Structures are given as structure tokens and as C-alpha cells.
Amino acid sequence: MAEPARVEGPWVRFWHEFAESRLALVGLALLALVVAIAILAPVISPQNPYDLAQLDVMDSKLAPGEASGTGKTYWLGTDDQGRDMLSGIYYGLRISLGVGIASTIFALAIGLVFGLVAAYFGGWVDTLVMRIVDIQLSFPAILIALVLLAVLGQGVDKIVVALVTVQWAYYARTVRSSALVERQKEYIEAARVLALGQARVVFRHLLPNCLPPLIVVATVQVAHAIALEATLSFLGLGLPITEPSLGLLISNGFQYLLSGKYWISFYPGIALLVTIMAINLVADQLRDVLNPRLRK
Amino acid sequence: MSGPPLLSVDGLRMHFFTKAGVVKAVDDVSFSVGRGRILGLVGESGSGKSMTGYSVMGLIDPPGRLVGGRIVFDGQDLTRLDASAWRRLRGNRIAMIFQDPMMTLNPVLRIDTQIVETIRAHADVSRESALARAREALARVGIPSPDERLRAYPHQFSGGMRQRVAIAIALVNHPDVIIADEPTTALDVTIQGQILFEMQKLCRETGAALIWITHDLSVIAGLADEVCVMYAGRVVESGTVAEVIERPLHPYTRGLIDSVPSRNERGRPLRQIPGMTPSLLELAPGCPFRERCARASAACAESPAVTEPAPGRRLRCFHPVDA
Amino acid sequence: MSALPTAALAKDREVSIGLQAAITSMDPHYHNLSPNNSMMLHMFEPLIRRDANQKPVPSLATSWRAVDDLTWEFKLRKNVRFHDGSPFTAEDVVFTLKRVPNVPNSPSSFATFTKPIVDVKVVDPHTIVFKTATPHVLLPSDLASVLIVSKGAGEKAATEDYNSGKAAIGTGPYKFAEYVPNQRVVLKANYGYWGGEEPWDKITFKILTNPAARVAALLSGDVQMIETVPTSDIAKLSKDPKFNLVDKVSNRVIYVHLNQSTEKSPPFVTDKSGKPLEKNPFRDARVRKALSMGINRDAIADRIMEKKAVPAAQLLPDFFYGTSKKLKPARFDPEGAKKLLAEAGYPNGFAITIHGPNNRYINDDKIAQAIAQFYTRIGVDAKVETMPSAVYFTRATKLEFGYMVLGWGTESGEQGSSLRSLLATYDRNKGMGVTNRGRYSNPELDKALTIALVTMDEKKREALIQQAAEIAMNDTALIPIHYEVSTWATAKGLRYEARTDQYTLASGLKPAK
Amino acid sequence: MLAYTIRRFGQSFIVLVFMSFLVFVGVYAIGNPVELLVNPQADEAERIRATAALGLDKPFLEQYWGFLKGAAKGDLGKSFVFNVPALTLILEKLPATIELAFVAMVIAISLGIPLGLVAGLKPDSFIGRGIMAGSIMGFSLPTFWVGLVLIMIFSVHLGWLPSNGRGETVLVAGIPVSFLTMDGIAHLAMPATNLALFKLSLLIRLTRAGTREAVLQDYVKFARAKGLPQRRVIGVHVLKNILIPIVTVIGLELGSVIAFAIVTESIFAWPGTGKLLIDSINQLDRPVIVAYLLVIVSLFVVINFVVDVLYSLLDPRVRLGGAAAAH
């Protein structure tokens, strides 16, 4: 192929390839904004929505732009506790993003190890791992969450544990299925013939070749984790109600959707949508750039 | 040799329109090949030889596009054909064989499926008679017990066998032109030789024209009748194999010949052409080889026109190598 | 286009009603649970029923009296027939009393109500006499919870036979037609009903546990009435001319139990740096009072409950039996609360975690959060942890929490029973304080309640219960928040007679003309 | 093959036993069902009676042993709440859930794969980008939110579709199904769409990613060089290669559709097992939870088995029981 042979540092080249898609740049800008908001939430929020002392139930359910009795204006309105929606969204973003990313990373790491080990070693190891995966996958998320809630109590760390418990098996199975195909290829055979250590074969040779499908799944799963957290919150199994994530804000506002107080659910919904969309736009392009097989 | 050639390519241009700019992958390429003749297309990787092959097949994908020239096959200009007419030619009257036999066969389809579909895409025949032809085709390329092998999957074949299957598929409809894109590069040397020999034989027997694309001049030397040397999307020199190899005119051809290990000059280090192939992206006008050429002069900033230094020879250089 | 919403209304005498909770059985003695009890009243009747204000009125019994402290005589209604045509007699009452404590696998039986009766005598087919071992003034009230089944149909019947409809033979205004667990109950009119004609030929009760789904079903015309309208939709529905909204203050109080079981810090109560306290602050009446004064009940009723709650001063609204008109809801007074806390030795407050359910009472988790918000104003740091009732109640009963948001519906409609369950000194074997999760204990209160239990004179007894209520509430034995107001929404043209017991009865739903 | 099947189902049996134990432990950890079932005003005697009636007075391991003995005879216990055999309760509800899941998967597959192919073949076109943007929406929004919005639009505002419940059913081979009646379809449309959205997005993305890789492969170019019609190049050469990951995911998702049906079923009051499960969990109705999981896990086992068999049909390089035989 007519590949332009330009001399560039790998990072410059990477950036050029990434920047080829304008849509991905928009996604990156949005993601940067979202991350900045998440990090800076305590600085830029008009109110600390988790500090109950700053809330006033008398200001509850104000419409966007309405001013409270004390003259404060809430640009995106307030929820049923008098929580400023704008601040709530800033902080909620922080929690949702954190929970989504943390649980995906842990679940991915665990699933990856189990999936690779199962595929590489085969035999009874494979059988054992896959049966555990079967159990895990058929256990309903809400039952797991309920048990964990009963045993561990409520909190951000606990919800991450719950999400990881729910999700790792999914990765394990995906990894295993692509690793099974990869394992049959010659380069693994070659690596084995070279008598490389097994860990080295698994992680240096098998792993990188199983990654592309996994990246697709993982980006979807960050979004999935955020949505799952929202669903658990909807079922009353999520985060403490005083420290709402985007999902909890949405589910709290959910009951007001039919009654016309749309903003309690609508704006967090938009924030969630933008966040997940940004993650995916960036991830899509990253995948294309990182995947040598897709290079033009 | 008389009459019009079977396939003639004239002034072919194929450009990629990327976001970063225009890549002139094929830039004013002309050649022709007659029945039973073998044409070698030689050049380093990135010289546009494969793209020329794909252009003739009508397999150019966006952002690539044919922007000029004619491809006349059996009296028809292919560039004017619509997509479906072109498709009916492909695999039927013009066939192509790819470089890597490990990748060209679909791993999840059985061999019989892959051959039969080629036959049935072009002829309304029953599955049974297509299977019979498939068996013949396999036998013709020297695959033992073709009946059994028909029901196998590609991964059950060795590399050489896979390439034979690919060749069988290319030949199954008795094409008039075969474009072979480095089909032996990925194989080991003994099998290379066998396949080269067999291809040559098959072409002579069937009277098909063969375009052999390779980076390896030595392959061409024993195989082809004519040769086109390509550089940066252009044909820089062409002629009969004997003449071009005996008496290269273009400095690039010369360099290529010098870099081939030769029996007479054992012990002497191989001479390499200095420098690298230029990026084809927004290539400046002028001779693209001038950066690497010992003979380059100020004149080379202009594109040299095609000259005909001898009957049947064509050249694109201001400073040909002295004979 | 859509013919759906109107088509449903077109059949004049058919109606669909959206219920908020599953009906777990069609056996009236299997599971003592409000939604079941409400449903069963369509098919079966007690001797004495409760009207919309939970006042006892004659049903299958026409009159009753205490012959002496241990003997009650009931006159039964004549000319009443069961759905299968057989006549109702005293034998059916005897059979019912015998069946109630012996329903296999019952997760919650009605035996509590029949246990006081030690002997039954049938005087004639329409007169029956009950004997109790000790004076039991609540017998008529207890019997209001016991539905009479047919002896003929029920003799060999198990719960399955009631669920299939085979044995579900009562005297009530509606007959069994179909029961699909967790999905729907269909009833048909009993045209021979002794109480006269009913408004409906066929009723379909749909189980719509999700509040939004319930409202959506009403809005789209799939059902013509729903119970427990989510507070968030009340404002909009009441403005919509296509619907009627009715409400009534209920017998359910939302309150707070403060864990007084420990000497030192109860669970989840610490000083502000997280260290346990030397003393259990909840044992100090001043602290309890301060925590009660610190809650802005009006704000909760107004903002969280959309005005569908009434600030509470005791365990039942003051028109119920045994309630005291003297008790008024604690006034919101953060300054006063702070002062009281300082007096009690907590000038800087302390830290608590408010625990509550999040799927049991109307807006339960929001109430907990609002309370926490108010407490920040009186210097008490409050965290909030809410959880599904499956987890919550087990832990609450094990006293794993310090500050517990709870609810209590007084099905009997008299305050004595609530005081006994919630505030009498914990003694399960005596049936005292069985649900006293705060472990409040006050001998004075216990005494008044014990006497009241055996006082046959209604006036004296009510005075004793009122006195007990005043003792407990003035000591802030628990913190009452509000009485829930039950709401029903119907399609235009229908009107429902709202009830204090939160029951949804088709007999109360009538065309508005 | 036979040995493989036997081994596979033997393992599954152990899984089932293990699962049921986990549920026992889990429910035990969550709370005491008597707390929820017994009337709060009940006295101690009534509590003791109820505890005994439910068999909760026995030691934990004895309860489990009792369950195993019953299970061996096909008796998974009676629902605490409904007093009917738990298995009956579930088998009554199962057709509704499977119908919902199946219709949702059919929607997801029949739209997801073609849309994914289009997006993969024309990744830079307006349509391709539009499909991708749409698919991002599909999994960004929580199921419950989308469900309610659907109800708001189609039931409340437009009045086209019923907001809840299952429509009229007809018996097919003794199983009640609703997708054959107009009323049934009207009731199915929204919940099935709601349930399908996420899977649809996932399938679009997977198919697109697979397609983009596949079209660059030599074998696709070779197939075109053979003069095959576009239809066959994409429909056979591309599709068959990308089906492997897709089949895995479809297999997995069919299971998770049942799990996710919990939310959809409760919003649309769909009378299936998902709604039954959440109610049972909320009531700590252990026999029903256990029976539900055993039924679902058995379904999973069958689904996974079918997926693995499909693998070997789709990809000749993977042998059945492959992992075990590979060394």
C-alpha cells in the first residue's frame, strides 16, 4: 500500500491519526469537559449537594431559573430535597464516572486473567473457570447487590464491588472466546516452541491479540456499568440517597416525569447521555487508531 | 505476435483522496500484454504495482479512485464498464492471485464452497457439474486426492497447498488474463520454484496472458517475456526481459539489478540503492527517483517524458545509464 | 387510531382497578396482610365490619353484647346465603373459628384474633356465644378481622382450593372469577347479595406495583381507578378534568424509634469525631424531645408529601378511639432544640445515621433525607442509609440501628393496641411491646395499658388509653412524624369513598351521578 | 461428542447444587422472611408458629439438606408467600418472560446485524455515523427511563399502545403465547422494544467492528476478485466470519435479557419471571428464588451448550470440547 513514510514521534503520529476524525475530537473535547467538571466539581458547584446543611427542603422542586425565597437562583431547578440540580449533576458526574471506570477496570482485569488462563491452559482449569463464570452470569445482579448491601452496607466502594462481581464473568467469557481462536494461531505456537515462560506467552503474546474485541466490549461496559448503577439505584440498591450519582438523580426524578417536573430527571439524563457518548466517541476512534489491522 | 494485444493499459492513473492529501498511487502507467505472454511488473513495495493490478480488476475502494487512462481488454474499455459488468469479468475472464495464501482463503468455508461459488457466480450450472469442475481444477494444480480435499477447510492445508488452491480457483473459469500478485513470496523456495514452473506451463497451455507482480527481478528473469519496472507509481522503464536485464537504461533498474545476488560476483557485497522510497503524499513534480539517483541533475526537477530509445523499449529518464 | 382507553370504559358495569401490592392468596385465613384483607372483603364478610372511618358496624352479626366479663353473645343475620346458595348459620362461624389457627404453611395467620376465645356455644342457628378466659374488651374488634367461610365448601379445602376458586365461597357482594398470582384478580357480582345491588358486574384488579406504571395505566385508560397515587403526580392529576382524586387521612403513622436498648452509644450514634458516647443519648427525654422539635413536619407534609400527610402528635389521628385531643404535633423549633441538647449535655450535638426503608412507605427515603437535613440545623450530624425492606426490617428488629424511620398502621382503629405494640415494655411472651424496636420502657405507661385491657367500660377504658398516650407522647417515647393520607384517583364519572384503613373496595366505587 | 455432552451436563449439575447453596446462604444473609411475612401486630406465639410453618426453625444446614432431598424428587418447595409449589409458579410465568426475551432478541438481531453491517461497510458515511450515534443513545439511557418515556409517548400522549400487562394469549403446543394475536402484539411492542434497545446497540457495535476488520481481510478481496456478487461477499464471506463473536454475545445476552427483564417487566407490569423474582427477593421468598435460579441456570446451561456447538459449526478451527483436547 502507498503508506506515507513520514518521520514522526509515535505520539505525534498517534495524535495525527486520532485527529483525523472530527467527531472524535468533539468527543474528546466533551470528555475533557466532563472529566474537568468531575474533578473540579467542589470548586465550580454553586452548592455542595452532598452537604445536607446547604439544602433546604423549602426550596424543593423549583423549576429551572426560578429563584428561591432567599434570592438564590437555580439555573437547572432543584430536586425534591431542594438540591441544586446543577451542583447535583456536577457531583453526580464525579460519582458515576468514578464508579463506571473503577468497576470496569477491576472487572476487566479479573475477567482478563480468568479468561486467558482458561483459554490458554484448557482442560480442567478451563472447565472450572467456565463453570464459575456460568454461575456468576446466571446470578441476577439485584440479588448479588442485595446480598452485598445486607452484608457490607451502603457506599460507593460497595457499589463498585457489586458491579465488579456482576461484570467480571462477562469479560472472562469474551476473552476466552477470542483467546481460543488466537491460541490456535502460529505465533502462539512459535512462542511456545521458543519455550518462553507461560506467563510471558499469555500476557505478552496472547493478551495483546485478544485486546481489540475487548476494547469494544469494555467501552460499552463503562456505559453499561453506569447504567447498571443507575438501575440498582432505581431498585433502591445503589448509592446512599444523600450522595446521588447521575443514575440516582435520574431515578429520583423518574417519578416526576409524568407530572411535568421533567428537569429533575431530564437534565441528569442529558448529562449521562453526553458523558457516555463522549466516552464512546473517543473510544471508537482510539480503537481504530490502536488497531493495526484497521490502518489504511 | 500480431493483432491488438489482449489487455492494454494506457495512461492509467489511480489516486487516493485522503484527508491528509492526494496520494498518486498509480500515475500514468501504460503497458500491454498478449495471449500466452507473460508480463512482469517489478518494483519495491509501495511502487504502485499491486495497485495497478487492483485497478485492472476494478477492486479499488474509496478513498481510492481511477482518475484517468484506459484499460482496454479484448476491445472493451473496462473503465467505462458499470460495476456489475466489471464484476462479471472478474474471476471469469480476468483472475487474480494474492500474495499470502494463509489469508486469501476464507477460513470458515470449505474448499468446495469456495470453488463452486466462483463457478456459479459466472455460469448457470448445477452444483454437481460445478463440483466436477472444482475437482478437475484441483487436480490440474497438482493437489493429490482432490475428492477428499474438496471437503476440507483451509486450515487443514499447508501454505503451498493453499496457494495451489487459490491458483485453482483463479484458473477454474479459464480466464484470459491472470494477475498474480507476488504469489510465491510467502512460500519456501522449493515450492516457489514448482509453482512458478507450473504457472508458466498453465499459461502457455491455455493461452492466458499472465501479469506477474513481484519485487524480485530474478523471478521475472526466468519467467516473463516483457517487464515493466515501476517506481513511485510510474513505469520508469519497460521492454523485453532479455533487453531490460541485459541493458538497463534507467538508474533505478540498474540499482535493482545490482542488488540481486548473482553467481558471478560471489563475495562482493550487494549494492543497495541508497535512501528510501519517497512518500507519495503530495509528491513534488519532477523525477521521483532524483533524491536517490547518483546521476540526477537540475533537469530532473521536471518530470521526464516517456521516450522510446529502442524499438519496444520505453524509458522515463533524462540521464539514462550508458549501455 | 386508538380505541383502547374509551373501549375499556364503554362496558358500563365493568371496571378495572390498579392495586399497588400483590394479592398472595384467595384464602381469607392464609396471610394476614393488608392488601389480602382488603381483597377478601369483596368475597367474604366478618361478623362486624369497619366503615370508611373504621367504626365497627354490623355485618353478618346484627348485634352483640357482653353478657358478663367473660361471655359475649352475637346475633347473626338471617336470610344470608353463600355464593353457592347454601344458607349462612352459626355452624359456619364455628367452622371458621376452628379453621383459622390451622391453616398449613400460613406465613402470618389470624390466630391472634381467635385465640382469646376458649369456648363457642351455638344457641340457635342465628345466635352464638363466645367464652374468653380473661376479660377481653377487644373481642368485637378482633372479630372484625376474621372473615367467615362456608363450612360446606371449606370442610376439606386447603389454601389451593381457595386459590383455584373451588372453595372461595363467601357471603360477600362479589364472587370469585379468576386469580393469577402477581398479576390479576377478577371478580363477578353476587346478584343475590343480602346488602342489595352492587355497582359492578365485573371487576378486574390489576397488580401494578410500580407507581409510575400505575399512573400510566390510569392516564392511558387501562384502569379506571388506582390506589396510592404517587405524591409526585397528585398535583397534575388533580388539575386534570379527566380524573377525580379523593383522599383521606389514614390509620398509618410514620414515626421514629430511637434505640434505647444500650447503656452506651446505640449503633450508629457517636460523637462528631466518630467515637462512641459514654451514655446513650436517646435515654434522655430531653434529647428525644429536641430531636422531635428539630423536625419541620409542615415542610415534610408540604414539600415531600405534596400535602398528602398530616403532622402527627400520636399514633392515630385524633378522631380515632383512644386518641387524645390534648396532644399537638411538636412545633418546629431548632433554637429550642439546640438549647435542650445543651441542657442534656450535648452543646455540640452528636452524630447519627438515620436508617429507613426505601420501598415500604410513601416517600420513606425522602423523609429520612429531609430529617437529616433539618438535623444539620440543630447541630446533629446525620447520615442517611436507606434500603429495601427485605434487608431493613430484619436488621431493625435485631436492633442493629440507632435511629429508625418506621411506619405503623392501626388496623383495629383504636390506639390502645398501637401503644401496646410499639411502646409497652418489650415482653414478647406477654404480647407487650412486640414491635418496640426502641425498647422504650415506662412502668407508668405499662400500668395504664394493662388496666385498660381488662376494663370493660368503654368510657373508662378510652380515658385510660388517652392517659397512656399522653404519658408516652409527653415523654417523646417515639417521634411521630405524620399520618399518611391515602389517595385514590378515578376516571371522571366515578367516585370513590375514601377510607382510613387504606383498603380499596369496589363497593365504595360508584358512578358519580 | 456424546462424552462431551455428558461431561458438560454433569458439570452443570454440580453448578446447580452449588448455586442453590449460594442462594440459601445469600437469602440467609439478607434477612429473615418472617419479619416481612408476619403481621407486625402478631405476638411471639404467632411468630414461632410462622417460623415453624416455613421450616425456618431448623438449623441452616438441615434446611438445605431438606431442600436437596426434596429437589431430588423434583420438589423445590412451596412459596412462602403464595403457598404454591415454587416450580409451578415459575413455570407458569416462564412462557411470558421467554416470549418477551425472544421477541426482544429477534428485534435486536434482525435490526442490529444489518445496521451493523451497513455501519461497518460505510463507516464514514452519513448513514454509518448516524447508526453509530443512535447506538450510543441505545445504551446510554437506563432501561427504566426509556421504558417510562415510551409509556409517556405511546400510551399516555398518543394512546396507541396499552401501558401494561400481557395481551390475549393462544395456546401453541400447550404453551400460552401472545405474539399471535393483535392484542398480544400491542402489549408486547413496548416492553420488547425497551428490552431490545440495549442488545440492539451492542449488536450494531459488534457487527460493525467485526465488519470493519473483515472487509480489510484478503479473503474478502479475493472473494471480490472471484467476481462474486456483493450480496454473497457480504452475506457469506463477511458475515460468517463475524458471526463467531456475535453468537457468543447473543448467547450471553439471551441470558442477561432475562435478568434485565426484571426492570422492564416491573415497569410494564409484564407477568413474567423477572417481576416474580424481584417481588420474591423483596419478600425473601427463598423457595421461589432458588427455583427461579435453578430454572434459569438450566436454561443458561442449554444456551451455552448451543453456543459452543454453534461455534464449532461456524468456525472449523474450533473443535468441540476444544480446550480439553488441544494439548
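Should a chain be cited, it is by its letter among A, B, C and D, assigned in written order, with residues numbered from 1 in that chain.
Here is the rule we use: contacts are C-beta pairs under 8 Å (C-beta built on N, C-alpha and C of every residue); 3 or more make two chains touch, one makes a residue touch a chain.
Quick caveat: nothing in here was measured; it's all calculated off a predicted structure.
S.K.: Work out the mean Cα position per chain and let me know which chain is farthest from subunit B.
M.R.: Between subunit B and every other chain, the largest centroid distance is to C.
S.K.: Quick check on this structure: which chain has its C-alpha centroid closest to the centroid of all protein C-alpha atoms?
M.R.: D
S.K.: When B-D is set beside A-D, which has more C-beta pairs in contact?
M.R.: By the number of C-beta pairs in contact, the winner is A-D.
S.K.: Measuring from the mean C-alpha position of subunit B to the mean C-alpha position of subunit D, what distance in angstrom results?
M.R.: Whole-Å distance between the two chain centres: 53.
S.K.: Would you kindly tell me how far, in whole Å, the mean C-alpha position of subunit C lies from that of subunit B?
M.R.: Chain centres of subunit B and subunit C, defined by C-alpha means, are spaced 88 Å apart.
S.K.: Measure off the straight-line distance from the CA centroid of subunit A to the CA centroid of subunit B, and report it in whole Å.
M.R.: 49
S.K.: Taking the mean of the CA coordinates per chain, how far is subunit A from subunit D in Å?
M.R.: 22
S.K.: In subunit B, what residues contact two or more other chains?
M.R.: none
S.K.: Taking each residue of subunit C in turn, which ones touch at least two of the other chains?
M.R.: 212, 216, 219, 359, 388, 390-391, 395
S.K.: Going by the contact rule already set, what residues in subunit D reach two or more other chains?
M.R.: 30-31, 148, 152, 156, 281, 315, 317
S.K.: So in the complex, which bits of subunit D are touching subunit A?
M.R.: Counting only subunit D, the residues touching subunit A are 11-12, 14-15, 18-19, 22-23, 26, 29-31, 129, 132-133, 136-137, 139-145, 148-149, 152, 156, 198, 201-202, 205-206, 209, 212-213, 216, 244-245, 248-249, 252, 255-256, 259, 262-263, 277-278, 281, 289, 293, 296-297, 300-301, 304, 311, 315, 317-318, 322-324, 326-327.
S.K.: For a test of understanding, state which residues of subunit D touch subunit C in their complex under the given definition.
M.R.: 30-47, 49-50, 53-54, 78, 80-84, 89, 93, 148, 151-152, 155-156, 158-165, 266-269, 271, 275-276, 279, 281-284
S.K.: For subunit A, which residues are in contact with subunit D within the complex?
M.R.: 23, 118-119, 122-123, 126-127, 131, 134-135, 137-143, 146-147, 150-151, 170, 173-174, 177-178, 180-181, 183-184, 212-213, 216, 220, 223-224, 227, 230-231, 234-235, 247, 250-251, 254, 257-258, 265, 269, 272-273, 276-277, 280-281, 284, 287-288, 291, 293-294
S.K.: Please give the residue numbers of subunit A that touch subunit C in the complex, ascending.
M.R.: Touch list, subunit A to subunit C: 51-53, 55-58, 60-61, 80-82, 146, 149-150, 153-154, 235-237, 240-242, 254-261.
S.K.: Which subunit C residues qualify as touching subunit A in the complex?
M.R.: 211-212, 215-216, 219, 230, 232-236, 296, 299-300, 303-304, 358-359, 365-366, 368-370, 372-377, 382-388, 390-391, 395
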